[in-house]
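Shared chain: subunit A. Partners: subunit B in the first complex, subunit C in the second.
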Partner chain A sequence: MILSQLVISGVATGMLYALIALSMTVGYRATTVVNFGHGDIVMMGAYAMLFLAVGVGMPFPLALALAASGLFLFGFLMQRGLMAPIIAGPHLSLAIMALAVGYALRGVARIEWGNDILLLPRPYAQNAFLLGPVVITMDDLVITGSVLLLLLLLFVVFNVTRIGKVIQAVFQTQRGAQLVGINVPAFHCIMWGAGTTLGTAGGVLLALIVPLTPDMGVWTLVRGFAAMTLGGFGSLHGAVIGGVLLGLMEKLLGFYVSTVFIDISGYLITILVLLIRPQGLFGQHATLRV
Partner chain B sequence: MPMRFNRALGALGAAVAVVAIAAAPASAQNTQGISDKTIKIGNLGPFTGESSIFTPLNFGPEAYLRSINAQGGVHGRTFETVFADDACNEAKGIAAAKKLIYEDKVFMIMGHPCSGVAMAIKPMLDKEGVPWMGLAANPKLTRPTVPSMFSSYTGIESGSAMAAFALTKPGVKKIAIVQHSNDWAAGYCNPATDYIKANGAEVVISTAMERGSTDATAQALQIKQSGAQAVMGCLYQQELVILLRDMAKYGVDAIVLGALGADFNQTVQQVGNPAAVKQKFFQPYQFQAKIGTGPLKPYRELFLKYLTKDELPKSGEPTNFYYFGVPVGIVTVEAFKRAGPAPTREKWIEAVESLKGFETNVFADTANFSKDNHVGFRRMFAVGLNDAGEETVYSTWGKPLPPSGS
Partner chain C sequence: MPEPLLTALGVEAGYRSKQILFGVDFTISRGEVVALLGANGSGKSTALNTVSGFVRPSAGSIRFDGEEIAGSPPHRIFRRGIIQVSQARDLFPDMSVEDNLRLGAWVRGAEIEADLDAVCTSFPRLGERRRQPVRLMSGGEQQMVAIGRALMGRPKLLLLDEPSGGLAPVFVGEIAAIMTALKGRGITMLIIEQNIKLALTVADRFLILRDGKVAQGHDVRTGAATEEDIVRSIYL
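Right, the complex of A and B next:
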């Protein structure tokens, strides 16, 4: 009973990590830059939702649409105004810029929402169901269902549509993509915006189960980065599988070995994968210079 | 030989002079921060960073000092507060304390809630003789007694109160410990563990839950498997909410005693499931009455009058953290009154040590200090929701205190 419960819970948590890793991967595939401020963008998405749904009192779907749109615009402008001017420079500059934006967002959240611990009300009843001896909550179902829907959408976009081919072309060679007429800088902005939008979705789902604090982005980044590393940089299905494996690892090691592993699993995975198989499970063999 | 003797005598004289010169500033410093019109107080706390949820502990005593200033101060001097941010980080805290002591030249430091930082600056405070009237929970800060350092409550009182309340529930013999891996949590859970063992009960499992956890499945299932009847949750609010939520989710039938890193009402509200907290979740309670009612009502008015918009909660009422900080302000002011019109650090310390049965009208206990005891308050109750879901203060399991009126 306990093993099946841990697996179910691990998958639900892992789906959330998968979404965060996926949102980082989308930005990475476009620009080959890891957004080290992404955890704080996830946090900002959660707070934007809180502001619109609780502060302004908008219906949940409208607040979600507006929060996602607002964060898309933020991601777009961040890429256009802050990353693009230095994109030809060393990766370290880009990493520091992303980190600085993240810290600034955290500061803004602290100024606006202070030091209170806040909660996003669920738009559904907090029910639990029994599947044999295993407990499944509405939170588990909503998170897993939402992430699966987003995955399906991304699968279609990346594999069936022309946009997917453009993404693949830019990821493989930016110069080649430019030569065949793709506006690469604009594409970067759109993809960066898409990454922040997915990050917002992750933040909103996270806010359904965790009280909000301005520092919630820190561990979010660690988990997202670990899942992305495990799955392989740039691999979309790798990010998903990496996220789910991380969720399972946290639960199983946490219960059977020590709960200390829940906190350090992300770091352990990152260290081990970078040492043993830097390209991760499904990534291409490439060197990330940061 | 006489020549050599004279030289030795000269060297001895010079050494005595150096020692005397070195000692002279220490003596002169015992009025540091005192002017004809003001008393400079350092208010050190986590104004930024992930522990900044505890800043109300700094604002409570500050509100009280401002109210005293509005009445003309003490012996013609008003209080001038210098805020310093330690972010509950040892390195930052040492730098902030050095700035307060050596640059801002404060008389004392008051209201400091971070145990790790307080332990880090303890040698500096002791060496310089800077008075510290703090809220940090680590018992090692003031046990054994350090001449210039005073605590309101420490983890020994709170941790023991958590365990004592749990053990008054009939049949409770098996206890689980869930805690953060830090000084603060150890300050509560170690005394709780000692109390449990000393009173014939057993700690059946001790497990960690770190900051930033989003899920407590592993901990909840471990508790369930261990058969624990009560849980000592030495956790900050965010993680305490998650533990309570997941214990309810997996049907863990045990009561949970939270430490003082969480606000009771907010925790209950954020769990969002009455069944998970009603007669299940309790916290040590150090107040005379329900927050904002009875003898605590004037303090609610005081917060609203003297704190700025940025210092008050963004929404809702001032939490118990605001009230918890006030008594250190009251004791600090009372000691200045007793120290007379020409206060020195020595006189102030003696004045604090003279407080016996001193009523703050905030805590259930009166302040009792002495030369050998620098922990002012000890008595605690427990707060929880009764069967009707109403906030209730208990002396022991199932025994509520009479209501104090509103």
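Right, the complex of A and C next:
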């Protein structure tokens, strides 16, 4: 009974990690650059939502649409203005550039929101349902449902639409894509923006269940990174499965072994996977270019 | 005399570490097939990549169809009608033959079905394997996919980088037949080819790249140059 309860809440948390890992993977697959500032972008998305919904008082859907578009633009321009000019250079410069952007965002958030602990009010009643002996909260349902919807949407875009074929083509070989006339630098900007938009969705869902702080980006990045590593770096379905497994591991080890595991599972998974099976569950390449 | 389709003048290009092309001049007329010969590492691929925009020239001019294209990015040059089959082929390995071919016409977006049927008719091997992922195909078949994918873009100038390179003898013959057929259809081509015999069968004219410049050009039809002459001017 406790086990099924833990599994339910583990899956709900895991879906959130899956979304964050997936949002990082989209940008990574497009550009082969890991966005080390992604955690802070997720944080920014959450604050943007909070600002628009609470500060300005917009209705929830409008605030969400605006926050998502704003962060898309941010990701697009970040790729265009900061990453693209140095993309031919060493990968380390790109990693540091992304890290610097993340730190800058964190700085802005600290100045603007200081150390206040802010909560995004839920746009739904905080109910809970009993499924046999197991409690399912509205939060679990909203998070799991939203992520499943986004996954379905992405699946359709990738596998059914014409644009999905182009995305897959660029993922498989950028030079090949250029040989058929695809504007690969523009593609980078769009996919980087898509990654930050998905990250914003993750940040908003996260803000429903945990208080916002300017430093939540670190927490987020570690989870996303661990899920990606576990699933296999660069694998889309790997990121999703890795996220769910990470969520389960945190809840199960946290309950049965020690609560410490809720905080250290992410680090632990990253270290163990890199040592024992660097390609993760579904990855093809053992090497990670930072 | 009409303006040539492509005119390269004083083109200099290279990589961060070293310059490879030191003032390359040549022209290609409409409907002409030109072979670019040269020793290994002489810069043939670099020259082709400079025309298609993958390598940015540091000096010189490349005019195509009346417009300056030197320094334009690859996707712009593609849209003008210069389409390249690169040395590594750069196919989409996990996609089927048909998807690879379709992507070749993605930018154009129209009349894809008709062109797809035409390519599958000209390359029966591809027609029989439409659903097969290209990574499971032999080198020769992959080369056909690469050429077919380029044709799907309806090139005004087709650049071929060692189309017979590394292929089994039976495929070298097939590729030669394909190039001859393309020539028969009036497609303008610039071909890099290590197999001089093959190059001379297909080409109207050849250029030799040496020391970063085009050292020599001959009309194949006059029979002025023998194979030995050519080998001598490439290597000696």
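The criterion applied here is as follows: the second predicted complex is superposed on the first by the 289 of 290 C-alpha atoms of A that agree within 3 Å, B and C clash if a C-alpha of one lies under 4 Å from a C-alpha of the other, contacts with A are read in each partner's own complex, and residues count from 1 in each chain.
By our rule, a residue touches a chain if its C-beta (ideal position, glycine included) is under 8 Å from a C-beta of that chain, and two chains touch if they have at least 3 such contacts.
In this text the structure is predicted, and so the values were computed from the model without any measurement.
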Query raised in the report: Touching A:Q178, do we find subunit B (first), subunit C (second), both, or neither?
Result: second
Query raised in the report: Who does A:Q168 touch here: subunit B (first), subunit C (second), both, or neither?
Result: second
Report task. Return first, second, both or neither, reflecting whether A:T13 touches subunit B, subunit C, both chains, or no partner chain. Result -> first
Query raised in the report: Who wins on subunit A residues touched, subunit B or subunit C?
Result: B
Query raised in the report: Between subunit B (first) and subunit C (second), which, if any, makes contact with A:V260: first, second, both or neither?
Result: first
Query raised in the report: Shared contact residues on subunit A for subunit B and subunit C?
Result: none
**Report entry** In the complex, subunit C residues that touch subunit A
**Finding:** 54, 73-75, 78-79, 83-86, 88, 90-95, 99, 102-104, 106-107, 149-150, 153
Requested in this report: Give every residue of subunit B touching subunit A within the complex, in rising order.
Outcome: 48-50, 52-56, 181, 207-210, 212-215, 217-219, 221-222, 225, 237-238, 241-242, 249-251, 266, 269-270, 272-273, 310, 313-315
Report task. Write out the stretch or stretches of subunit A touching subunit B in their complex. Result -> 2, 5-6, 9-10, 13, 16, 110, 113-117, 119, 122, 126, 128, 135, 137, 206, 209-211, 213-216, 218-219, 250-251, 254-255, 258-260, 262-263
Query - In the complex, subunit A residues that touch subunit C - result: 162, 165-166, 168-169, 172-173, 175-176, 178-185
